[in-house]
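Let me begin by presenting the structure, written as structure tokens, before commenting on it.
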């Protein structure tokens, strides 16, 4: 829609912009300070204007910028989580019955409940002080990284698609297809150690890539919206894999009537990184590599330049000779391969005893929140993935130790993303200064190439 | 109704769009508001119409201070507006569009469409509009859509009517009809504010003229003032309306277009069997009212139109069905009509925008890697060479003014080895200083022996640049005439009339 | 054109009638061919023996209709020949530069379905009443969900959170109805819950300009998290008090309920279903024949234009998205108090996404979307029925059908659908 009220060109409002400030990019710091400088500079003024001091810029960026919003969003979400834990705790309910007689009891119960839950969360995700040795105490952190592995891979897949202006909600389907192919290769073939793993890995990546590629291809060829197609493909994949899992000769374990595969063969399983007492596996190394590769693609490569151009303004990209349609297809292929990596790391690394149709474990959707929290930048996604991995690892120990249902993690995760998506909301709550300019915290994925 | 604006000030951030503007419109008067693009005319009218809230100042109607919280209040007070971009809903019928916002209903909340239809018929008969109330707006030509806008305003008993750049999309003939309607309205006692930047129209229809520049009123003028006087008031100094250029040194025919047709998504021939050629060292300007196929013609030349018939040859090479990439690589430079939409990636830096159309090969990309050092150096050179006023090459393109944005596009296109330059509306929404600069660069490009095709809806620009002028009407070429063809002849051609014998070049 | 005058411009001569040419599309013939080949593949590679019986009445009906029995394979072959003829006809139509008429698509679809049913139920009898009744029941949440989707998107807000709204409705209805013993209170509570989700969506989308797809996806996760959390933490330990919802009784409508086939399917239902008929009719009438609908569509098509005639765009959007939420919440009651089932984690199982699919497949039109939802309900119930009578089709493939159909729909293979112009775009005023 062309908005006639939106001033254009050198009309008022041209200073408005929504620069994404990316912490990792050095030039971003300079970009922050020039918000209105173009208009302020009188005609004919020299182009060189003294840039404000770096420290001032950095301070401004921290207070008004994304970092503080992210931290506050996490904090707010944890507070809401605490409220939920407290109000559903039976001890708190019991104490609140006689609240007006002895209010202290209620507060003690609330404190016990919340601190118990969150310390269990911490001890389940970072370091367990109740263990004697460091080796045992640090185990939760390795669990966090294990849980983070598919989250990061998936987050990269979703985030990369975001940067190309596409919303990949199809993580679940892509993971399922990738896991099925990798799993099938891993339990159905006999190959030497290493090669077997590699073949299974590549098979999975290709599977995920092609499944996502359907959405990219349909968008490129027919203009079908990838949001709808990927959602629908999730279900198609789920039913397809469910069918294969209960069909002998396909994925079902021989002699079993459960919809489950046989265990993976030793030769295909990702080696443990820190020895058999930890679950952390080779997949984490792959994910670090993937992060570096995605960073290179997006920030240094010609392909990434074209990806970002298409994501920011597909019309201008097309006019500049960039083949927008192929970019959609390539981006979905890469995104699918990354989600495929998440699926493969599940079957070859985390759950090697055979899998069911629930192997995706909701990671396909978690990946969206990871990508949003990481603002679609590779290292941001890496950090966000580790954070959400910690929530997951800690969530299980919280459930075991304190009886707090694991679903609290979903609530906290989604609240974090909601708060981050609306910086003005967080600023209002904490009364932070408003950086007098509109910023886009989350990608706008409804851009379309104009019809010809 | 008498309209008075007192000391209206409207700021956008640090920018003052309207600076204490006073304006008085008497009942039954056509008052022209004259100013360049971006002078603040539309902002002022949006304040009047309640779309923007003024930071200072007040609006008075018949000497009573008004407080408009939104367009609803303004309409209730008797202000109507014919917007530059029509505020019509394409999938609604004329009657539905007219009734929207003040719907009459029958039992059960049912819309009273018959009443709305009658209303449309009654008003359209009064002004001889002949608009079918049941036609879908989407199916109507722009001239008729504008009448629907007028009917919409009149159906709410508007007694002050604002016309915001109403002639931009009209043929000269439709423009004359609109002038007639405006006079008719004036006679019935409606006050009219006529916003425009076209001098001829102002002098023809206005009773009084207020000129604004950079958000301030710079003076009043009478319709008897000369074009040069008005123009210098508008831009603040004597304007050179022509570009100094030498006689063209014509080379051989470079671009040869034969029987070119462009078919849109619903099967219309938006460009219909067009044949022409451009020689080296020549500027061919394409004139015509907006929407007569010029846009599609330029897009077809660079491979942006999917359904094309006929042939396009450049230096003997057939480019008809080639990809955009291939066409750009064969040396075609393209300045698109809408730089924000098609020319720049707003959230990219100036440097990134300068490499936008060479993103997959030398000199900016080697082995899949972007040559960041080379790019920075290149960008600094171009920013200096093209006088782009900016903080630095890492500023985002969004932060630049329209003129500077256009210079970035120009720098990008002219820094390749060109075998053809296609420039669509190269100076739209650009300040006067940048217009001169851009015109000079286009003429320089011609003088280097590059064939140039310029599309413009501004006759001034066409006559200033053209060695030959090609006029398009409804997708066809009306004629190709010499660059010095008189404006009135061009005006008739833009309405579809064949030029007199012997004028063809 | 050259004869028009300033005073009396005739509208006909003003119309820019550019020369036109015909853009033909081979999508329909190709799709027809694919389906015909699929039917042929069934007949050749998986021949079914025996007769197929279609039972048109249930034993308790007042008026009994005879059973129809056809031999499976010969019928299938006849159908295949007819399908092939239709494919050829559509190819001929396209090659002579015309559009494939709608009736061929309808006839093709009905024929294909008939052939497929005959093949799938060979050697058994198909209870048509049960099949259709179950289809309607399964379609109830889908229809409510699709109405919510249609309303939201007509107003310009994409609602991916239908799933969350259904789930919130199901949860709230179960809890409130269990506690009070009043299913009607559960119904109202479900609408409030759905409305709250809608308001959160609207607030983020309209006030904070967050991408609507993102808010929707995140809201789904949030609602799944919240309901599952409270289910595990609160409902499970107190299931008797909090999670044993009463169910709505069936209220057969006299006379109407006795009509053969239609009666038992449509008019021996619960109040939720009757409300649904009303909701579909009201939504259609409201959107296309009232002031409210005109304004809703205006803000969804061209918000700036609506603003300039004094319509409060964002307020209109907000309240209609909230209303849409309430409708979806009402649909969620089907899962618990509508069926007399206790709430369980993620019990909506993707119904919200099928509803979304119905919105698109139904071209953003309430009646067509409801019909699409019915079709999807039919597909899932067919799967139930076929697995009961022991059909060779794996149930998973039947379950896939709605999603596959939607992919075909958005890919434009079943005709071009046009979304409201400003769908998904926030209205930002300076």
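Brief remarks on what is shown
Labels for the chains are A, B and C, by order of writing; each one numbers its residues from 1.
Just so we're on the same page, a contact is a pair of C-beta atoms (placed from the backbone, for glycine too) under 8 Å apart; a residue touches a chain by one contact, two chains touch by 3 or more.
Since the structure is predicted, the reported quantities are computational estimates derived from the model, not experimental observations.
Chain centres here are means of the Cα atoms, and by that rule the chain farthest away from chain C is B. This structure's chain pair with the greatest number of C-beta contacts is A-B. Rounded to whole angstrom units, the spacing between the C-alpha centres of chain A and chain B is 44. For this pair, chain A with chain C, the centres built from the Cα atoms lie 31 Å apart. Residue positions of chain A with contacts to 2 or more other chains are 4-5, 7, 13. Of all residues in chain C, those that touch two or more other chains are 302, 304, 421, 429-430.
Within chain B, contacts with two or more other chains are made by residues 12, 51-52, 83, 87, 265. Residues of chain C touching chain B in their complex: 1-2, 4, 6-11, 14-16, 18-23, 286, 289-292, 294-295, 297-298, 301-302, 304-312, 421, 429-430. Those residues of chain C lying in contact with chain A across their complex are 158, 160, 204, 207-208, 210-215, 217-222, 224-226, 228-234, 237, 302-304, 345, 350, 353, 356-357, 360, 394, 396-397, 399-400, 403-404, 406-407, 410-413, 421-422, 424-425, 428-430. Listing the residues of chain B that touch chain C in their complex gives 12, 49, 51-52, 70-73, 75-76, 81, 83, 86-92, 96, 99-103, 105, 108-111, 128-132, 139-141, 143-144, 152, 173, 176-177, 180, 263, 265-270, 272, 307, 474-475, 496-497. Contact residues on chain A toward chain B in their complex (touch as defined above): 2, 4-5, 7-20, 27, 30-31, 34-41, 43, 45, 47, 49, 51, 300-303, 305-306, 308-309, 312-313, 315-323, 436, 450-452. Taken together, the chain B residues at the contact with chain A in this complex read 10-15, 17, 37-38, 40, 42-43, 46, 51-52, 83-85, 87, 264-265, 299, 302, 304-306, 323-325, 327-329, 334, 336, 340-349, 352, 355-357, 359-361, 364-365, 368-370, 372, 383-384, 388-392, 394-396, 398-405, 429-431, 433.
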